[in-house]
Structures are given as structure tokens and as C-alpha cells.
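Shown below is the structure under consideration.
As written, the chain order gives the labels A, B, C and D, with residue 1 at the start of each chain.
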Amino acid sequence: MKYKVNKKGFYGKFGGAYIPELLYPNVEELQNNYKQIIESDEFQTEYKKLLKYYVGRPSPLYYAERLSKQYNTNIYLKREDLNHTGAHKVNNTIGQILIAQKLGKKRIIAETGAGQHGVATAAVCALKGLECTVYMGEVDIARQAPNVARMKMLGAKVIPATSGSKTLKDAVNEAIRAWINNPEDTYYLIGSVVGPHPYPDMVAKLQAVISKEMKLQLKTQTGNENPDTIIACVGGGSNAAGSFYHYLKDENVKLVAVEASGEGVFSNKTAATIQVGTPGILHGSKTILMQDKYGQVIEPYSISAGLDYPGIGPIFAHLFDQKRAEFLNATDKEAIEAAFELAKLEGILPALESSHALAVLKKMKFKQDETVVVILSGRGDKDLQTYMKFI
Amino acid sequence: MKYKVNKKGFYGKFGGAYIPELLYPNVEELQNNYKQIIESDEFQTEYKKLLKYYVGRPSPLYYAERLSKQYNTNIYLKREDLNHTGAHKVNNTIGQILIAQKLGKKRIIAETGAGQHGVATAAVCALKGLECTVYMGEVDIARQAPNVARMKMLGAKVIPATSGSKTLKDAVNEAIRAWINNPEDTYYLIGSVVGPHPYPDMVAKLQAVISKEMKLQLKTQTGNENPDTIIACVGGGSNAAGSFYHYLKDENVKLVAVEASGEGVFSNKTAATIQVGTPGILHGSKTILMQDKYGQVIEPYSISAGLDYPGIGPIFAHLFDQKRAEFLNATDKEAIEAAFELAKLEGILPALESSHALAVLKKMKFKQDETVVVILSGRGDKDLQTYMKFI
Amino acid sequence: MIKKTFRDKKNILSIYFTAGYPNINDTTTIIKQLEKSGVDLIEVGIPFSDPLADGPTIQKSSSQALKNGINLDIVFSQLKSIKNETNIPLILMGYLNQMIAFGEERFLKECRNSNIDGLIIPDLPVDEYQTNYKCLFEKYNLSNIFLISPQTKPERIKEIDEISDSFIYMVSSNSITGAKGSLNTNQISYFERIKNMKLKNPTLIGFGISNKQNFDNACKYSQGAIIGSAFINKISEEGDLKNNINEFVRHIKIDN
Amino acid sequence: MIKKTFRDKKNILSIYFTAGYPNINDTTTIIKQLEKSGVDLIEVGIPFSDPLADGPTIQKSSSQALKNGINLDIVFSQLKSIKNETNIPLILMGYLNQMIAFGEERFLKECRNSNIDGLIIPDLPVDEYQTNYKCLFEKYNLSNIFLISPQTKPERIKEIDEISDSFIYMVSSNSITGAKGSLNTNQISYFERIKNMKLKNPTLIGFGISNKQNFDNACKYSQGAIIGSAFINKISEEGDLKNNINEFVRHIKIDN
């Protein structure tokens, strides 16, 4: 329980629900109901059914032979890229849409960075016939154009966030603002393990399907349900939280969280929160964030829209604090190289976000008989425009 | 056996291997070995492993609740869109790359229309470390830009076909030409059930995994391994051939093949081969094709690059002849409408090709207790540019 | 001092503006002119990079003020510089992260030294305040002002009333601060409902008050109202800052 | 007539061109001029929409000829119109689908009526020919000419030799017709190998023969050679068609 959320929504010193009073009724309703709903048979039946038939789970745990040879160890890829809509994000949106329905909500709002969460939200809204509005930074709208088109085709309204760095954090601001304006029938469907309690725990619980499957798959494929190492990228941290979830208490499983260091950790163009951040409050929870001495949030930078965020889920602030996870980072350049390496060795195009996780393979030492799982959080189709610049 | 290929490569009157003598050694080698290789334990083990862990099979058979309500029947979608690389094409390329390896080939060439076969080929070539060249019509290069980028990132060389209608048929011509030039170490990896014997049968056998899975899934999900109706789009016909394969002998299963009728069957801008074609020889096999009285091939037209082909796999010419399959068609407009319908009702973006299969739902009559399977042969990400024009 | 204002005055007009806007040194000019023009209470917003509870007008003014180079040190020194020239209750509005980054106790101490009377921190939740901040606020004799909305349940309103010691900020509709139209029936029934609760603290109505008509309507149901965005819009216009302020306030307070 | 040519002549030069190219009515002019300039054998290509066994030069000429409006009916009538003016063996080259669409027997009959001596149909496989077409070809006294390549196995070459009755088209390298460089050691050893098989039919070497040096080399290993793309390139140039043809042929045949 050391790494799980407490009753008040805290992971150690981090977490909580620092929200305007205007949202208190909504957040309270969710706090009081989310666990019970998630644990209900009704929810579980429908959630599992959709994960299986709609999303295509379980996602394979693929032994990457040529990549393993390259690093002289045993590398498995958890193939979240094969999910419907192309990333792990849908595991969460499927769950939350069922919760929103159960709470009788009629409209869904969401923020998105890379657009994957926006697409996954738009898809489940279509599936359930609910109105959907997605907030997205103007910069991200430009660099993730295919996902914008997908959201539109799925019937969602995409509203540009034009303030600040015009990226993910500003999209979150806009979404919260819109929620404050429409607290009654509107559900805010957050896309990562960020925001006020209960969001970080709720999203982690929904993404935990990743590590649940991994245990079974590793048991079947290697004979041991625990790998030696799990590597995942961290924007807000939902794919990492989900893939670490069932291993948190297995202290001998090494957990590696990879942040985006943009043009370099200390280049001032970075999104490596853990490296340059300090404790503070962002988007409703106490966590580590990039800020100046006045508490003004520093605009982050990463080539990857999904990692271009100045905060980190509170659970990661806690895991860092407790030294339960190791925090590494990868620059734009390293991520691009890793993406091309995977393309050429395995015929798989990773999302720019996932490429950051792959990039640290070069920076780590592995034993030959080690089992390493890299979370391939999404596919690279949305990032072709960026990748093509490096071909 | 009535619908299976005979020893000489014919389906009734259709099929055969009408190839230049220069390719005879290559085709003969394949004819003599493909069955034996496919049936070998070694092949089956590796093929099944890759389909499961790399491609993510089995692809779900998804009960589309809102679509079913719309048509007052029971519609299942066979989710080939969830495969690695985003279409059914990879089922075939995985198999053929293993065959090519077994035959000791070093270079792979392929044609592509929508680019899905090109991407699937480029991916498996990367996976196996083989050199890859893909021929693609200039028109298709423009309208399926994301897939061109994917092929390049996967390390393939994409060569534009600039003759004729600059679409799929011309890409096939170029690929065959290139093969004639490099018969020794080069394997031609055809992407549909077209070309000289043994390609049509080999590709059908590799795509047959679709109907094999369907039998098991329908048995589990409905209690009956046979549906009433299967609907699939037909360019060359590989997704249809694969999904009809294990049902050919079950004469009570209605098989519906959907061609692209462009701006209308008799508009002169069509690719509905069965409707306007006559028997002849194209790309090495006797089949039905669109031609004038001098045997000049008529340039086809469809909004969908994957269906924009003036021929049809010889097995379909035979199924038409034998009245075993029903041949319907959908125009550009009908396909677009069907795509948006699926997006809005189910949160799934179909490939333009698959949209043609969906489009005939409107044109058919179903009983309320009928089980209808529509093959969702691929996802729509590659077609966003086209779809966005209609939003 | 806030208490005194509520005891002595009726139809209280509280004006919100953003420190350091339109120009970095306008903070003091605006305060002095507001007092002179007859405003009863002033809310000074500390610009924040991520003001998620503010509407577009205030958000824009904040980002301009930050570009102007404003920061908390400057705000405090501006406020201190006019300490002896003004005699109007001042409320500081900012986000919790700003207070934490500055150091909570240091922040509150500086507020006291700058003659601040109360604070509005939209993302400081009620129980966090009670558990971790109440004592400190009391130590520095600062009021914390809470918001309530049409969605706030009666028990919670009572709880908030219990821990409040100046006034309660009553959000008129479910909307981020910004200039909207006149009162609708939902708003009126909400105001009536609160009025009938007979709270121990007075209330000011805020969010969406933009003109004399709104203001007068609000005063029917509470002790006064708060205007923010409409005022920011006014001082964003061309023309002399002081004149603009004077015109705006006189229009609300005096014209009839 | 083809047999006679091979019996009577040495170093046979066979020229391929596309009917209806560069202009629709050039077919007859070209045939007559080729004969006049001293060519021994002529292959007339019937333009096809999808000439997958042809290289880019011939492909382009075909598509131009089709744009010019050429079709099989016109080709036959052109050939018939010069029936009495020429005395050189003519071979028609086309794809199987053209023959089928025209009607196989009607096609062969028209060939006979147009004084055609033989046919090259690259996508007509050997056993398809034997099973379905041999009798018809014989009925109309037409030779079918088969291709062999370095990959063709000895038994198959023997089989092809068996069913051939005019000559065998020996593809010099694994390449589509087109203008390439001179002979390499692989090609030479392949030619030697075939020479040593002592086939009953003569051979002509084709694909990649573009100049006098190639031609003379080819003649060392066979009865002659076929030139296609290089000739098409020549007649695509500016200048008088007949002069161009004459120049091209004289350069190959006579210059020394």
C-alpha cells in the first residue's frame, strides 16, 4: 500500500484535489463513486467486453528478436500501439466513459496533447452517442494534424488553446475552465494520471490492465511473471502508471520512467520535470513541476506533443521521492534515432512518445539473461510529419 | 473442392500462369514449393507466432451494437483494422516473407495501391532484414501520402509508376518488369489474390486465417460457426478470399463481394470489374477485366486506391461464374457516407476500401435475427486527406 | 477593515484588476484612482501563468502583466509604496502555487506588511485551508474568502459560512469570470435561496457583473457585487487611465 | 519465309518497332524503308495498354501509338496494304489478351492474310501454346517464337527447341528490352552454353543490343540479333523518318 493513493487522494506528500470550489460538487461526486463503480460487476463486464472486442486486448507482448540482439539482452515490447485508435489512451477512455454514463453525464470534455487521448475520447463518445469537445494546444494541432482530422471525423469538436505555450498544459487549463462553466451535465475525461483526486488513481486503475496482462503473458512466455526491468515514457504518466501498477510492490522489478529532455535537460528547452522541477501545485494536484521562484509554470518543450508537459502525475513525484522508480530522460534527437532503429530492425513505427522509452536502451546496461519490457505506448502514424524531417 | 484451385492453377475457366518465359523459373520454383512450405511445421510455427505476437491476431469479431440497431439486424465487424500496419494485408506479407526466406531470396519487390500492402511488405522486410522496393502509381502516391512516409521510414524504396492511369495496375506492371530484370535473388511479394498461379492460391491460403478465426469466434459468440452473410470489399480480392475461404463449401452462407463503382457503374469512371468486365488475361492470370474490344485494358477509377484496379482475382471470376458469391458495388459517395456513419455510430474510422463493404448495408435486406459479418479490412488513417474533403 | 466596510456601507462595489496591467506600474495608480472614484473594496490579482479559474479577459491581462515583468516581489513593493496613501480594504487574489513557491508564511507576512486584508485563492480547498492554513491566516490577521456557486450544497455553504470571517464570494452563474448579460430566473432563485439561509457573513455577487443594471440587481440580493472583466476591458481602452477608471466607477455607482 | 531467311543469310539483323509510332501511318513507311535499307527480319509490335514485358522505351512508344489511335484492325489493314510491295519476313509481337479479345482464330487468320510469318507473344506460356494454340498456328502456317533466358534450364530449352520451327529468341541478359552496354562474361558464357547445345533451330539474340559492336558480338554466338529500343530511340529523333532508318541500319550492317 506504500505506493497506492490514500483516502484523501495523496501519494505520500503528493496528490490531493486543489480545485476551485465551483468544481467541488463534480469532483466530490467522482471521489465518492469511482471505486464502487469500477469494482462493480456491471462495470467490469462491460469494460472487459469493450477492451476485448472493441480495443483488441490483450495487446501482445512481443519478443523483439533483432532489437534484443542489438542490445544483447531480451527485450519485449508491450504492444499498446495495436490498440484501437493506436495508443494506450483508450484503456482509460473506455473506462471513464462507462463511469460518466453511470453518473448520468451527457457531455464529455477532454484535453489532449498528442491527440491520442482526444481521438480515444472522441471514439468512445461516438460509441456511446455522447457529445464531445476536445481542447488542444494550437502548437499541437499543427504538429499532430492527423489526429485532429480523426477527432473531427469522429464527430468531436476540437477547440484550440491559444494561451501560454499553446500545448498540453494550456489545453488542460481550457478544459478545466470549460468544466467550471458547465459543471452540471458535463464530465471531464482526463487523459493521464494527473488532475485532482480521484483522477490520478482512477486513470491508473484503468491503465493497470497493461501490467495485469504483462504478468500473465510473461508467466506464459518466460515462465516468470516478473520481468527484471520495465521501461515506459512519462508525459503525465498514464502508460507508465498502468504498466508499473501491479509491480509496485515487487521491489525487485526495476521501474524506469523516461521523460523528454527536449534539446537537453539543462537547455531550457526541456520537459524533464523530475530533473528540473520542484514541488508545487498544477492542474489540481500537488506534484513536481517546472516553475520559477514565483511559482509561475515554465513552458516546457519536447518534440513529442504527448510528453510536452511541465508536470508529472503525483504518483511519480512519490515514486521519485521513495526511489521506487528510476527516472531517465531522452532528448528529441535520441528519441528520433530510437524510432528509426525500431522501424529498421522490427518494422514497427513507434509514437514519438514511445520512442523516448526506446531511446534509453542505449543508456542502460543489461545482463544477457535479463528480461526487459519496453512499453510501446502508441504507434507512430500521427508523427510521420515529424519523422519525415529526419529521413 | 469445387471452388479451390486445381493442379494447373485454374479455378474453373480462370487462373493459370500467363507469364513471360523469363519468369518461368521463378514461378515454377514457387509453384513447386509453396504448398509444401506452407504446410510444414516449421512454417506454421513461425507464421502463427508472428501473427499472434507481431500482428496481434486474432483480430476481434466485434458486435457493432449501434450499427446493428441502425439496420435492425446483427452486424459483426471483423477487425482487420487492428492488425499491425492497419489492414489485413500483413497476414499475407508475413507468410510470403517466410516463404521468400525459405527459398533463399535476398531482395523483395512489391506493388501497392492504397499503400497498405507496401507498408506491410516494408515492415516484414525490416523484420527480416531484407531489402525492399515498392512500386506505386503516382496518383496513389499523392492520395495515400501517409503510407508512402511509413514505407520510407521502414527503409523501403518507393518507386513511382508513371505509365497508364498511374495507379495499382501500372504499379503491378512495373513490379513485374523489375522482377523480369532481377529474376535470380528477387522475390515478388504480390499483395492480393491476383497474378500468375500460385499467387492467387497462396495469398488466399495466407489470408484464410480470417475465416478460420471467424468460425471459432462466431461459435463462441453466437453459438453457430456459420454466419448468414459475409460482406467484403474486393480490389484484387484478398480480404474477401480470406474471409470466404473456409465458408466456400457452406453454400448456405451468403458471400457478398463489393466492388468500387466510382462515379457509377456505367459512368465510365468505375472499377466495378464484374459489372463491366469480360474474360481476358491480366497480370499473368485469366480472369474478368475491364477492356475494350481490342483487349486494351480500360483505366479504372475509384476514390479508393486499393480498389482502383481493372481486374479481379481469378477465384472471383469463378465464384461469379458459379453464382457462389453475390457481387454488389458502391460508389465513391456511398462509401464516404458509410465511413462517416461508422465513425459516428461506432467510433471506428474504416479504410476507404472497407467503407465500400459497409456501404452495401443500406442496399441489402436483413432479417432481424440474421448474423452479418462485415470485413473491416483496414483502418482509415491513410485516407484522412480524402475524408476531410467531405466533412 | 473588510468587516468595517460591510458594517458601514451598503451596495458595496468591489473591483478586481490585475496587478501590472496595462503597464507594470499602473498597479498603484489604479488602486488610488479606484478609491478616489468611490469604490468600496479592491481585489488585486497576482498574474499567474496558468489561471485556470479565470476567463479569457483576465487571463489575457495576466499574461500581458507577466510580459510586462510583474512578479510577486514587485507587487508587494508597489502595495507597500502606497500603504499610507490609501484607506480602502485590499484583497489579494492568486493561485495556491504562487503562495507555496513564495513560502506560505513569508507570503502571508508580506500581505500583512502590504496592508492586505484578505485573500482569494480559488484553488485552495476548504479542508486544506482548515487543516494547514487557518492558523497562519489568523496569525497574520488575514481573511480567507471562499466562493460558493449554485451547485454548492446547503451543508457546505453553512460550513463555509462558519469558517469565513469577512464575506462570501457568491458566483452568480456557472461561468468563469467574464462579461455576460443580465440576471436570469435560475440566478434569481439561487440568490433568493442564499438570502433565505441568513448566513452570518455578508455576500458579494461576482462573475458576469458588467454594468449598472447588473450591479443594482445584485444589490437586491446581497450586500454588493464584484466586477472584474468589464473593468479590465474598460482600462484596456484607449484614453487616460484615471479618466477611464473614474468614468467606469461613476457609471456604476452614481449615474441614475 | 523465316526459314528461308535463316537458310540464305548470315548475321541476321532483326528490327523491332511499334506499329503506329511515331505517327499512326508510319507503320508501312517503316517496313518498306527497313527492307530497303537491308534489314533481314522485321518485328511489328502491336501497342498494348499494359506491356509488362517491355522496357520504358517501347512502353512509351506503345502508349504514344495508342494515343495516335492505332488498333489491331488498322494494323492489319496497314499490313495488307503493302502485302505486294514487300518481300521480308514479318513477325507480329503482341500480348495474349489482344489475341483473345480479337478472337484467337480470327486473329491468326488475319495474320495470315497480312503476310505475317510468325508471332511473339511473351505471355503465352509453352504448355498453353502446346495444348490450346499449336494446331491453330499450324493451320494458318504461323510460327510461334519462344524466348529463353540465362535462367532457362537445359531440358526446357530442349523442349522449346522441339516445338519451335523458325528461330529461338535468346534474351541476352535478365533485363527488359532496353539499350544497355556491351557483353559481359556472364552473357558470353551463357551464349557459349547455348551454342554448344547445338539446337535444331537458329537463335537470335535480343534485349540490350544497341549498336554495331553489340550486334557484331552477338553474331559471334548466334545467327544474328534483334534491336528494338535503340531503333525506337532513333526514329523518335528529329529529322526525316526514312533517313533516320537508313542511317541506323547502315550503321549496324555496313559501316566498318
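Keep this in mind: contacts are C-beta pairs under 8 Å (C-beta built on N, C-alpha and C of every residue); 3 or more make two chains touch, one makes a residue touch a chain.
Since the model is a prediction, treat every value here as computed from it, not as a measurement.
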Average the CA atoms of each chain to get its centre, and name the chain whose centre is farthest from that of chain D.
C
For the pair chain B and chain D, the C-alpha centroid-to-centroid distance in angstrom is 37
Return the distance between the CA-based centres of chain B and chain C, expressed in whole Å.
66
Rounded to the nearest Å, the gap separating the Cα centres of chain C and chain D is 95
What parts of chain A, by residue number, touch at least two of the other chains?
none
Within chain D, the set of residues that touch 2 or more other chains is none
Chain contact graph, described as a line, ring, star, complete graph or other shape
line
Chains touching one another, given as label pairs in label order:
A-B, A-C, B-D
Which chain A residues qualify as touching chain B in the complex?
52-54, 56, 59-63, 66, 79, 81-84, 86, 122-127, 129, 146, 149-150, 152-155, 339-340, 343-349, 380-381, 384-385, 387-388, 391
Using the touch rule from the top, collect the residues of chain C that touch chain A in their complex.
48-55, 59, 63, 66, 71-73, 95-102, 122-126, 128, 146-149, 151-153, 156, 160, 171, 174-176
Tell me, which parts of chain A touch chain C in their complex?
16-22, 24-26, 163-164, 169-170, 172-173, 176-177, 180-184, 278-284, 289, 291-297
